[in-house]
Amino acid sequence: MLGPRVWSSVRQGLSRALSSTVGGWASGEGRKVDISGIYPPVTTPFTATAEVDYGKLEENLHKLGTFPFRGFVVQGSNGEFPFLTSSERLEVVSRVRQALPRDKLLLAGSGCESTQATVEMTVSMAQVGADAAMVVTPCYYHGRMNSAALIHHYTKVADLSPIPVVLYSVPANTGLDLPVDAAVTLSQHPNIVGIKDSGGDVTRIGLIVHKTRRQDFQVLAGSAGFLLASYAVGAVGGVCALANVLGAQVCQLERLCLTGQWEDAQKLQHRLIEPNTAVTQRFGIPGLKKTMDWFGYYGGPCRAPLRELSAPQEEALRLDFTSNGWL
Amino acid sequence: MLGPRVWSSVRQGLSRALSSTVGGWASGEGRKVDISGIYPPVTTPFTATAEVDYGKLEENLHKLGTFPFRGFVVQGSNGEFPFLTSSERLEVVSRVRQALPRDKLLLAGSGCESTQATVEMTVSMAQVGADAAMVVTPCYYHGRMNSAALIHHYTKVADLSPIPVVLYSVPANTGLDLPVDAAVTLSQHPNIVGIKDSGGDVTRIGLIVHKTRRQDFQVLAGSAGFLLASYAVGAVGGVCALANVLGAQVCQLERLCLTGQWEDAQKLQHRLIEPNTAVTQRFGIPGLKKTMDWFGYYGGPCRAPLRELSAPQEEALRLDFTSNGWL
Amino acid sequence: MLGPRVWSSVRQGLSRALSSTVGGWASGEGRKVDISGIYPPVTTPFTATAEVDYGKLEENLHKLGTFPFRGFVVQGSNGEFPFLTSSERLEVVSRVRQALPRDKLLLAGSGCESTQATVEMTVSMAQVGADAAMVVTPCYYHGRMNSAALIHHYTKVADLSPIPVVLYSVPANTGLDLPVDAAVTLSQHPNIVGIKDSGGDVTRIGLIVHKTRRQDFQVLAGSAGFLLASYAVGAVGGVCALANVLGAQVCQLERLCLTGQWEDAQKLQHRLIEPNTAVTQRFGIPGLKKTMDWFGYYGGPCRAPLRELSAPQEEALRLDFTSNGWL
Amino acid sequence: MLGPRVWSSVRQGLSRALSSTVGGWASGEGRKVDISGIYPPVTTPFTATAEVDYGKLEENLHKLGTFPFRGFVVQGSNGEFPFLTSSERLEVVSRVRQALPRDKLLLAGSGCESTQATVEMTVSMAQVGADAAMVVTPCYYHGRMNSAALIHHYTKVADLSPIPVVLYSVPANTGLDLPVDAAVTLSQHPNIVGIKDSGGDVTRIGLIVHKTRRQDFQVLAGSAGFLLASYAVGAVGGVCALANVLGAQVCQLERLCLTGQWEDAQKLQHRLIEPNTAVTQRFGIPGLKKTMDWFGYYGGPCRAPLRELSAPQEEALRLDFTSNGWL
């Protein structure tokens, strides 16, 4: 439960949100926030008894603070947000806000299943200091989440959010790809600034960039495995689980892409694919956290029902890093 | 939010749960609860402003009370449970408990994403009067929900639940079929009494019945479309969305199966397939609620992001009932 | 059962077919062939050098001839038909015809990718003695095989086939489920007599039976795993790979279903599920052929690229039979 | 049917194949053929009565000859090869060979379901003048086509092929993605020179490039929709259905990528995505052929069961070209 100190900070966050962050576009100046750059989707550290370990969280952020990230995603899929209570979700964001320098963007995952809950969580996230809300598609009833339903959902959220909204499509978890036509329609909303696309379909990413080119709308790759290719087709950054352990390298890949050093970029990208797949699809958050332990961060356990890796899995994970020269 | 009256009832429920319901198997008498029979998975009625309409809920239950159901499932997928707050989930169960005669079983959906939250919700469901907990597979990280993870999850829940646990596999929503080997292992837990299987794979249902034949373990079909076939391979009942509108017919189908009148059963089953598909896969909860309106119940709106049917969808829905002689 | 009268009409049909193409049934006798019953889909035996071993084929048929099968399917998916040349396909059917008593139906798989090739193969199959053609859905371009395309395809084939046509839907191989509406439309064709449905979706099977009830149209289950359930919803038989090794048992299951001994049927069905899954989905044709070797038939090698089972696979296969009391 | 003239050319082709084409790597010089560049996968023109129209084929090739393609793919998926007889497949390749200048590579699709048939077709393709064989994964039994089976299959084909072999993975048709580890193993075969990957997963393409970097092995993108991104991660060309109608533009995109003009490349790539999707996934070969008619080539009808586009589909197809400024 959020204590008084936190809620005080919530109130401060609210007034800050209403006066400053939103002000930009709401006042008609028409400049949406620029979300280009690299973001680690931070993990939520837990103690051995599965409590959120805020101290370790801050330590991780402190170490990650040395890299030229644009900001941090808090409570993306890698943050185990479905395992946190509402209070924990807000407290984590609040703590990250306090730990971050002001120039780092804090994108907070605020998606819930119902539109109403998503609105409330988004408003609360703004109050505790999020600069933008990253809103995953609702998914339990994905069979009925057609374009009309999703457009209605996101429009409502964006209408009522005091902070800019980033769409978030992650079919591996949700069973649902936000349809391109829905993304294009939503790109016209003044409070929707971009999309994080984790599906890895670069044809689709290129098409979204193309069809939203007349909007102030930015596309972030949702994984380091297709970061170079995404830059090549017009994405402006990435939310990369791998940046939690190879932060320097992912930022280096960004720099190579932005400065047109494609040959070096390609070589670096190649060496990141297997490690990236290992900490995402292949071994998931347990793999990411185990790797964090290896790289000097605090990974620690996941909440159940996620399970620790077995010894052979751990070995395979390690091989994906050693064979590419990272361990 | 649950008011004082409810929480008082929670406490009473707790003591009742600890003294009686659990006692059965915990004391070593070895008789698990018998869950055989037909259950409508009740919908959650909402007002025009999307508040839970407890009055309409009670009215619906009153009308449904005239059929020989074994009991009611509250907060299965058709209950829009992902759209309810924890308080609402408990309050709904509490109200249903109060509205039901004691001889009707109340199976309450208590699944959450984390094991811990599921345990807490299950305990709370018991406290507000649920006779058994129906626990859906966690799904956001379904890519990592292998047998080991699911066995661990359900074992923990069943260990700590004061009421019997029913496994719940609904791949259309979760992207995940509870593996047969996991179901078989879990069937040996003294506090796990059965599974509701909504996947419609009757080979699988037969295999689960077969491989759990030495356990006190029962299988319920998760939909009226394959109810007859499920009885034929050894299921003992069904949780059928269609029973919310064609309660007499679904109970009649049960009776024909139980009394071996397979020819008549087949004819009736045939006429129920299209209506059933219409209120489940084809048009989902909006279709079910619309049909409830037609049949004299309160359907009403869904919470967003679920949307009302369009006029052509409504017509197609109606046709699925009229062409089979039900409207 | 095909009587002499039918065969007379077949012969007339054949000669007429060669002159005018459409035949026997068009003359208004109006009785379609009755395909109800159990069929093993025979495997194609190969020598060590991958030649068709016609001698072994005949030996297998001789042994299988002791069971009360309605007939045999030649060149279903288990016949490795995609690996045979056109000549081999016809020669195999011709040999089977010669080896079979006249009262056994011979259903020959005649599906090809193009409509034209399928027509030609179907006519040829008739010429070498097939009683009916089992026509699998074309599949390479399954993304474009909608109802309209499939209705057109099958109508053409049925129009030009001198023998009755059985639709064949096997999504595990083709990636394509023949849509129910297409099956219903096609059931009205005077030369289409039924469907073999291998998808295992018993709701769908029930619906097809229901919606074709006014036609002379029969449904065969495509696997022994859901044979009892299929009978329960109105199927009239099955094409069962398992019948190649447990022929007596599959016929016994048929008898129990037809005589309404559902309890015994259920027990038997249960014990057949794992063996059936083993020789179909789990280990495929290599598993089926290996099991044939165990049961006194000639299984032998498959044509490449199908591979022999590994030793651990073989052990797992055996366990699926021993644990159910069949070995 | 191949006439005497053709078979004479076959025999010449055979001796040519054995003396020259193979010589390269077989003699130990170690230079595999360089397949980098752009290839249209040519369609097979049919007359109104569904005969192969060789005259129109030559006319199309003549028109396509004005673009700087590296060569042509004959009997890729767009060539409707599953609808052609073996004789037609060879005759088409033979005609294309005769119509092409010697410096244009002819990649001939020679995949069949069985290994043996694929070997024979590959040898025959070499005899009629193919420079390399593009071998699609067998697919009917895709459930059993694991890495071991596919490695065995391709090794056999490559061992016996007189011309270099290009692997071909097209999951939209085959339901099967050639596993990366199989591709990597096969890249070491002296007669396997590359892969055409039509799956569109650029992470996978990058990984294949990376893991085969020490081999003489090249990757071609299988579609124009992800051509730029594929170049960015190390592919060396593409087999692009779209090049049948926008040949100049696809070649221009290649040039922009090869000369590092990524900004212009991106703009061009963007405008090609929708037209490309239209003539592949969205409307398939009927869409491609219809578009060919618009662009001055002969498209004509497909063989059944492929169907013509409906009027609304045709309109949608046209819009995908007009809205991007190509019509």
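Chains here go by letter, A, B, C and D, matching the order in which they are written, and residues are numbered from 1 within each.
Here is the rule we use: a contact is a pair of C-beta atoms (placed from the backbone, for glycine too) under 8 Å apart; a residue touches a chain by one contact, two chains touch by 3 or more.
Just so it is clear, the structure is predicted and the values come from calculations on it, not from any experiment.
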Using the contact definition stated above, find the chains touching both chain A and chain D. none
Chains touching both chain B and chain C: none
Greatest Cα-centroid separation from chain A: which chain? C
Chain A to chain C, mean C-alpha position gap in Å, rounds to 52
Approximately how many whole Å separate the CA-defined centres of chain C and chain D? 35
Hunt down the residues of chain B that sit against at least two other chains at once, touch-wise. none
Strictly by the criterion at the top, what is the full list of touching chain pairs? A-B, A-D, B-C, C-D
Write out the stretch or stretches of chain B touching chain A in their complex. 50, 77, 82-83, 85, 113-117, 138-145, 148-150, 152-153, 156, 172-175, 281, 284-286, 303-307
List the residues on chain D that touch chain A in their complex, please. 200-203, 206-207, 209-210, 213, 223, 225-226, 228-229, 232-234, 260, 262, 266, 269-271, 273-274, 277
